[in-house]
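Both complexes below contain chain A, partnered by chain B and then by chain C.
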Partner chain A sequence: MEGAVLAVPAIGFNAVYAVLRFANFAVASIATVGAYAGWMANTALGWPVAPSLLVAFLVAGVVGVLADEAALRPLRPSGALTTAIASVALAIVLENALRFLFGNDPRGFDLPVYRDWRGFGLHVGPQQVRDAGAAVVAMAALFGFLAFTRAGKTMRAVADNPMLASLKGIDAVRIGRIASFTGLGLVGFGGMLIALDTQVDPLTGFRVLLSIFAAAVVGGLGSIPGAVMGAFLIGIGEEVSLLVFPATYRGAVGFLAILLMLSFRPAGLLGQRVS
Partner chain B sequence: MLITRRAALAAGLGAPFIRLARAADEPLRVGALCPLTGAGGQYGPSMVKVIQAAADEINQAGGIAGRQIAVTVADTQTNPDAGVAGGHKLIDLDRVSAVVGTWASAVTTAVAPLCWEAKVMLFTVSGADSITKLPHQGYIIRTQPNTYLQMTRATQFLLDNKAKRVFALAAQTPFAVDSYNRITEVLKAGGAEAVGQIVYDSKQTSFRSELDRAIAEKPDTLFFNSYAPDLAVLLRELYQAGYDGHRITPGYAATPTTLSSLQPELTNGLWSFAPSPDLDSPAYAAVQKILGTQTPDPYSCQVYDHMNLIALAVAKSGQTTGVAIHDAIRAVSQGDGQAVHSAIEGMPLLATGKAVNYSGASGPCDFTPEGDIITCKFRFDMVEDGKPKLLSLS
Partner chain C sequence: MTAYLASLMVFAGINALLALGLNIVWGLGGMINLGLAGFFALGAYASALFSLRLGWPMPLAGLAAIGIAATLGTVLAGVTARLKGDYLALVTLGFAQVIQLVAANERWLTNGTDGISGVPGPWRSVLSPTQFDLLCMALCWGLVTVCWAALARLASSPFARVLRAVREDEMVAAVAGKRVLWFKIRAFALGAGVSGLAGSVYVHFNGYIAPDSLDVLLTLNVVLALTLGGTGRMAGAVVGALLLEALTEGTRFMGGVVPALSPVQVASLREAVIGIVLILVLRLRPQGVLPETPRAMSLEPEG
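Let's look at the complex of A and B:
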């Protein structure tokens, strides 16, 4: 279940990487922006989970594109590393903007809590099922967008071969904005899913940044199905590790995974070979 | 501009006098190194507000024999790396004589060596026992009861409430293991049992597996040695898992804002324990006024005392260095002197050669040679309808 929730921001991260070719670490704070946006829709407007998730997606997408235009697009000609470093700074700026607006206090959603469903010696939370379901819907929607819409197909073209795409007359800047909007919108959607299980505060997204990055690297940077696989592998790997290691070391699983993957298969499970 | 020989000579002869004149006006530099962000972010801003207000209060009353107090603030982000960076800035760049207000034990442990090596006094509100066991040569003063004292009182409360099987879930901190050892000792002496502990990484977004393991041991009480963000997740998942036994946690995790962000079903019946400020002290009233609340948090009360103790120590010794504060601190914090509740009250007495004994908002402020407080009060609360309700104070 946790794998499903982490998969959504990991997909967003990889979508941005696939088209714009840089690691956008601002996802940490974009996820938090999505969490706050969804929270406001839920508590100030009284909306239930589904429309609030949509608000999270839209607001995070818009903020992501605007931030990208202001801070990151001007630096992309200087290279992927420079842009990635700038994205770290952007994450800090956004986090503190949220802190300035909302303070450090934790916020919770206005939703009922349910006990787990029990059966066959297992127990499953309705909340977790709902969140996993939302993640699956988001992934299906993304798949539909990429496979069947013109904008989606154009995005895939640019991701596959930017040179050929520009020769064909595709406007790289416009596609870049669509990729940022979609990818970062998904990150915000995922941020709200995480906040539903934890809490809304300026660090909601930051706490999971390294897990998202681990899932993206393990699955293969730039690969969307890879991000899903990576997230599930890491989620399952962390649970399985509890059979062997004490719970204190659970966080290390993600990083062991990155280490092993980069040592033996740097492109990740489904990523493209780096020539 | 041509500098004539005469001008140069005059400047050269005058320079030492200019420096001497400045030395007497040198302010007392204090660094506020607090968690403005991160897990301690609910406390840092008010701690800084109180530190600055205490300095302003003293400055407006004429300072310490004419010397003003200058406060510089740095954010630890409740994270040792940032804490050390902040500590370096305060000590090396701002040249403070004292660092006040480090909150998380991990941060204090990282910052302490910087302080004692530079002979800068560190006043902390952290609880981990290991802190005062460091080789600090007297440069650490701690107003928070240490882990040993806190766990003794908390576990005694559990015994008084008929707990028999206690399982602990602790965030990874310097005090996790020491806490559990003391809990185990006290339970055993009281005829009860500690049935296990899991130490977890507080950044996780889910603790379902950890909670399953805890519940499998059939405890009647769960001890959450947590910080606020992880407590929120734990309480929610515990409710989902169908646990209905007792739960206890430190007061800094079950803060009013954390409780109000959670549905009441998740928090009803939760016990919390916290060291209590001295509610009858005039120093406590001063902190209430500064923060504009009837219930200031215990850390803000402690840093108010830190500032007043520093001012009294400087007034006693006549010097502003860390060494001077280090040497004079216990002469003003305890002993046979006249009881005072603020630096403004005590400085005139010191000026006439009398001895003072400061007692503050956080308690008597009497310190052992290692820097721990000798005693303080504790309060125990239970959450009802999303708000903590006082059960007992002693």
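Let's look at the complex of A and C:
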């Protein structure tokens, strides 16, 4: 998978981790929720890619916040590990809700097919360029949100020092919700980008979970620039691995990267937290 | 009906073994292993291949399965034992996914997604199917009893006392002169070995193993069984496995209640119930049915 596309859900995962301090495994199914939402907008309403991506973001964000409120927030006082385990259960519940509604059949987007651009001995798929462009726009929007809006700055404050933030009267619950909405919305946005390249089915997100984790861990859990850097490294690693391994082992590259990173620099490239 | 109940009890027994394995790691050591499906798969494939390809007798193939699962458990724990809870959850889940990838892709070894069939079972050819199921039930619960007794004994040993100390506060355990890392690695390897044994039992009873039966749901089932029963106590693991079996079989009849549902919808509801119940148990009764009882501290010297 391309680094730019992978970066979007990886950023979402790290944004949630930065504020709420737990590994949210439900991102696997939230990505799938986004993929289905975008697919519905595209095929049932006949919308083009850009507004469908926005639908993917909004639906995944809303579903993510509601699921988090119902299932995970009450468990957060019991610790990060309990919450993480519950988030695996949540992922299974969401996956099966989608399976209940849409069945197991793979679905595809209704899109025109473009011929590859050729030049300088290279083939470039316009779809890939479009997906990478969408990913860059999403990332730019997030950085803008974090840098210039009050809510974004508050989120960074909570991520940086929750104690100090609460002394300053910042409502941690509200900021948690904003973080969940933006983070999980981005995961859904990324889920649709991934589905554009592959297919929509109840396991769309689960298949890339390992790559998302790898990008997040290599970059440093909780670090948003780290997630971008990690995603590009994993994306390149997965491409290079094709020279040596069959394509089906792409996912294993992420796992190897996680093991190497944790052995030598557990905090990740740009992470501060040392376990 | 007898065969049906007997096969249910075999599956309950397999889950009990997995829950016992997880209980060493999570219940005593406070580490999570979301890679149970991976160790289960290693045990199942190892046992199937050793008995089919090399013609090893089943007990020997089972021992090989335990050995391989425990070895990989040691390696994985060696890399990750210094990590905190959520990192460990992430790495072990990834491990299980990689094992599943390997099982699906290395056709020369595992026959890919078609899986391996025709794995021998104990006296399968001379017994009637019902007799076979009953025998497997007896053998499986025999193994559960042995593991249960051995692990319950272990749970009251100095080894487990150190593990509990590590679970409560690693720093204190380290200050007391305990080699924390070494204790964690041994607990993890032991748990992985027991999971491998469960895989071996499964494959010889079922006669068939394929990668698609090795997903996250298998691990989640065991986490639910152990949480339901109560982490930290070996009896909790066994009771939890029985409760889980009752739950999954109870939901099997949901399809009959609402006839408008398709088989896929019924299957998705049953899987969702597992997730929902786990979230509810974590919320409402995290200590399970049989909570670990804190031992009374005695200031008198023992003995």
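We take it that the second predicted complex is superposed on the first by the 262 of 275 C-alpha atoms of A that agree within 3 Å, B and C clash if a C-alpha of one lies under 4 Å from a C-alpha of the other, contacts with A are read in each partner's own complex, and residues count from 1 in each chain.
By definition in this document, a contact is a pair of C-beta atoms (placed from the backbone, for glycine too) under 8 Å apart; a residue touches a chain by one contact, two chains touch by 3 or more.
Keep in mind the model is a prediction, meaning the values are calculated, not measured.
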| item | value |
| --- | --- |
| Fit-or-clash call for chain B and chain C when the two complexes are aligned on chain A | clash |
| Touched partner set for A:L90, first chain B, second chain C, both or neither | second |
| Touched partner set for A:K153, first chain B, second chain C, both or neither | neither |
| Which superposed partner A:V217 touches (first chain B, second chain C, both, neither) | second |
| First (chain B), second (chain C), both or neither touched by A:T248 | both |
| Which partner, chain B or chain C, touches more chain A residues | C |
| Chain B versus chain C as contact partner of A:K168, first or second or both or neither | neither |
| First, second, both or neither for A:R99, with chain B first and chain C second | both |
| Chain C collision site on chain B, chosen from 57-65, 93-101, 255-263 or 291-299, when both complexes are overlaid on chain A | 93-101 |
| Chain A positions touched by chain B in one structure and by chain C in the second | 99, 104, 246, 248, 251 |
| Residue numbers on chain B that touch chain A, as the complex places them | 37-38, 41-42, 45, 172, 198-201, 203-206, 208-210, 213, 228-229, 232-233, 236-237, 239-242, 257-258, 261-263, 265-266 |
| Complex interface listing, chain A residues touching chain B | 1-2, 5, 99, 104-108, 111-116, 118, 123, 125, 127, 194, 197-203, 207-208, 239, 242, 246-248, 250-251 |
| List of chain A residues in touch with chain C within their complex | 22-23, 25, 71, 74-75, 78-82, 84-86, 88-93, 95-97, 99-100, 103-104, 206, 209-210, 213-214, 217, 221, 246, 248-249, 251-252, 254-255, 258-259, 262-263, 266, 275 |
| Interfacial residue positions of chain C with respect to chain A in the complex | 32, 34, 79-80, 82-87, 89-91, 93-95, 97-98, 101-102, 104-105, 216-217, 219-220, 223-224, 262, 264-265, 267-269, 271-272, 274-276, 278-279, 282-283, 286 |
